[in-house]
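By letter and in written order, the chains are A, B, C, D, E, F, G, H, I and J; residue numbering begins at 1 in each of them.
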């Protein structure tokens, strides 16, 4: 099941650089692991902003919530979720 | 070059059903042709709305504009365009 | 899987009363049938507005979209969909 | 009488983890007690956000206000309240 | 129980003057009757707009919805409802 | 002359409890004194929020501004002012 | 007493030119008469829009409402009213 | 050339009273000097808010920007600028 | 003096194609004439929308208003105007 | 390829003046270097705000993102990006 997820990151300016770097490093590792698993199907940067547009492919919305909660940057992100499904004009039979 | 495009369709309630059906049929043909060409890389329905979220892969923003202008439903759509690029945490080397 | 759905109805003032009544009657029948099937779990009126707040329990977001599309009032409603899941402080083991 | 209540939690990043944990623990206890009493009829997590959608069943709006004020997280929540009532197409005779 | 209700009226410019006058006349009669009954406790004009701010005193939110539905101008109004209760700094013991 | 005033209070989380209590105590005293004088005609709590909806009856908008400025919580409130007047369907001859 | 009033005019595209011209002509006459009386103290065009920013000087907000209601374009305008008063840093003793 | 300028002041609650008083005192001096020069033609307080509505009369928009930059409260203000010009229904030949 | 102007065009779907074509043709002629005169310094299409972003170079805001009023599509456009000036980090001495 | 970029700068009031000056100085150097290279084609100040409107001419949206990321003020700016292209009524053959 597909969801479009938009994440806007806002780290406090007072956060020490080491803390921020550690958070980002762990975030990247998890993001890459989830991409390899196929759950985080697409991950794009929004031009000009510290934000991404992502497509998740999960078994349920509960699974999506649990995944997002594990992201190290979760407390510093504004997240918007939108449910997607196959478009009748798609040339693919599945939601791809 | 990738762009996320959101299209909300609003046909006037006074439009005859035949006119609407003809527009939608031509829209679908063009959408499928553009998907096969690789320009319209993804096309998803937004759940609960007569709207789609799409990813276009074009050579320039001018090419994107020209493509969108050719859509038969263009005069009846509210369109939002957002430039995307490769995310540094993507597991792919390209913008895929 | 649960989704909160908000539907705001706006019938054109020019619609003949018979057409509106027929639409509403078919809408009610379908809404009641979907409630009895358990898919449309809750249906509440928003005080002071021709709108409802609903909870749907479906197998997938695609199923939700297909259900909403069949509603006779669909072309006249502004619909917003929000994915819900079990809250960790809920006293129930499931999403109820 | 039914009210839909949406609560968005925003704890300050500077709050010590122990303080936050204590607040959340007391919030959970009270939320569960109110659920068991039947006042807090439904409690769902909004997917991807530290927020909930709830349905309260109270004798008056004053009672609802008093309940919300006792929540330990009240000072850290953005709360929206919307009055609901039975929908004429509901299959139930009461507001359930 | 008190509710603040804001009503913005927007009659279509194409409505014949007689129809509009008849609607307004019936609206006024009903509004005055509800004021005399004590249900519609206050009714004020918003300066510069075809709109009012009102305070209703009803037994339940369902009763409020039923009252608003009977207003002849209901189909032409944008209505917002907000639940109020006694303020702890009020000099009155009741919600007055 | 009547004005509807909405006040949303937002005390900084870092304010010591004693300071907050002293501010609120002085606010309450002044609010009650102004109610007794008839200037602050109505004061209601908005359900679920640290906010009020008020009706002021003053000789001029300048007088209203001067009153609001004297409120101890003024620096911590988001205030919105809307001018009201007698509604032509009111059953009272004055603005009551 | 001063009020800032913003008026945005939106005439229906279907209004015959003669009707529009007659409305505008009567609007101008009344606007000029009110300016000469000193009630409509300032009248400026907003650059690029069919809109104005105005300053009214009236005895009460009720008088302002009555004046605005008499404007021939009232049914076609979106009006916003904001109460103003003398600024403490003004070099004038009055609200001028 | 006329511009309407709206300034909303938001001083940090942590600013020492002496610093705030000094800023406000210098702001007032400059505001009065600019009023006497004729550049800051009108200065009104918005009722109920720490904000003003002003009319500037300058030779160019660049001059307006330079004036606003010199205001001691500039870093603490949200400023909105709107270009105005003579209204065709004004009874004055100039922009007054 | 520079102004950024954004124009969103919305022609009624009921406008006959000949009328629309005639309007657009006259709009283009005037736009090109104003570009050649140097008043309409830049004219860009916003990708995906029937809208443009323009830079005007005029002697006064009144001149800008008069120019915009002469555009044949003026009654069908939503126009936003923003005053610009030379940026202190510009490598040019003038506003270019 | 052209992009309109709007940048709103918001430095924390607690930032030491030396830090702010150093950031601004490096920002100016880079901005001027990018202007000389032709990538940052236009840079204008928005009147009354610590903000700019810019036109970038880059080979791809990815290049634009990389340029913006290098700006020393990037963490303190709210940035909006809009893709532009040649307007059919432009008198130039290219996007100039």
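The definition used in the following text is that a residue touches a chain if its C-beta (ideal position, glycine included) is under 8 Å from a C-beta of that chain, and two chains touch if they have at least 3 such contacts.
Since this is a predicted model, take the numbers as computed values, not measurements.
**Q** To reach chain J from chain B by way of touching chains, what is the minimum number of steps?
**A** Graph distance in the chain contact network comes out at 1.
**Q** Using direct touches as single steps, what is the fewest number of steps from chain E over to chain J?
**A** So the least number of steps between the two chains is 3.
**Q** Please identify which chain has its centre, taken as the mean of its CA atoms, farthest from the centre of chain A.
**A** Between chain A and the rest, the longest centre separation is with G.
**Q** How many Å are there between the centre of chain E and the centre of chain I, using C-alpha atoms for each centre?
**A** One centre to the other, that is 44 Å.
**Q** Where the CA atoms of chain A average out and where those of chain I average out, how many Å apart are those spots?
**A** So the centre of chain A lies 39 Å away from the centre of chain I.
**Q** When you check chain I against every other chain, which residues touch at least two of them?
**A** 2-3, 45, 47-48, 61-62, 64-65, 81-86, 95
**Q** When you check every pair of chains, which ones turn out to touch?
**A** Touch list across chains, by label: A-B, A-C, A-D, A-J, B-C, B-I, B-J, C-D, C-E, D-E, D-F, E-F, E-G, F-G, F-H, G-H, G-I, H-I, H-J, I-J.
**Q** Enumerate the contact residues on chain F facing chain H in the complex.
**A** Going through chain F, the ones touching chain H are 3, 5, 12, 15, 61-62, 64-65, 68, 75-76, 79-81.
**Q** Within the complex, which stretch of chain C touches chain D?
**A** Answer in residue numbers: 2, 4, 27-28, 31-32, 35-36, 42-48, 52-53, 55, 82-91, 95-96.
**Q** Considering only the defined contacts, which chain D positions touch chain A in the complex?
**A** Those in contact with chain A are residues 13, 45, 47-49.
**Q** Residue numbers of chain C touching chain A in their complex, please.
**A** Residues of chain C touching chain A: 1-3, 60-62, 64-65, 81-86, 95.
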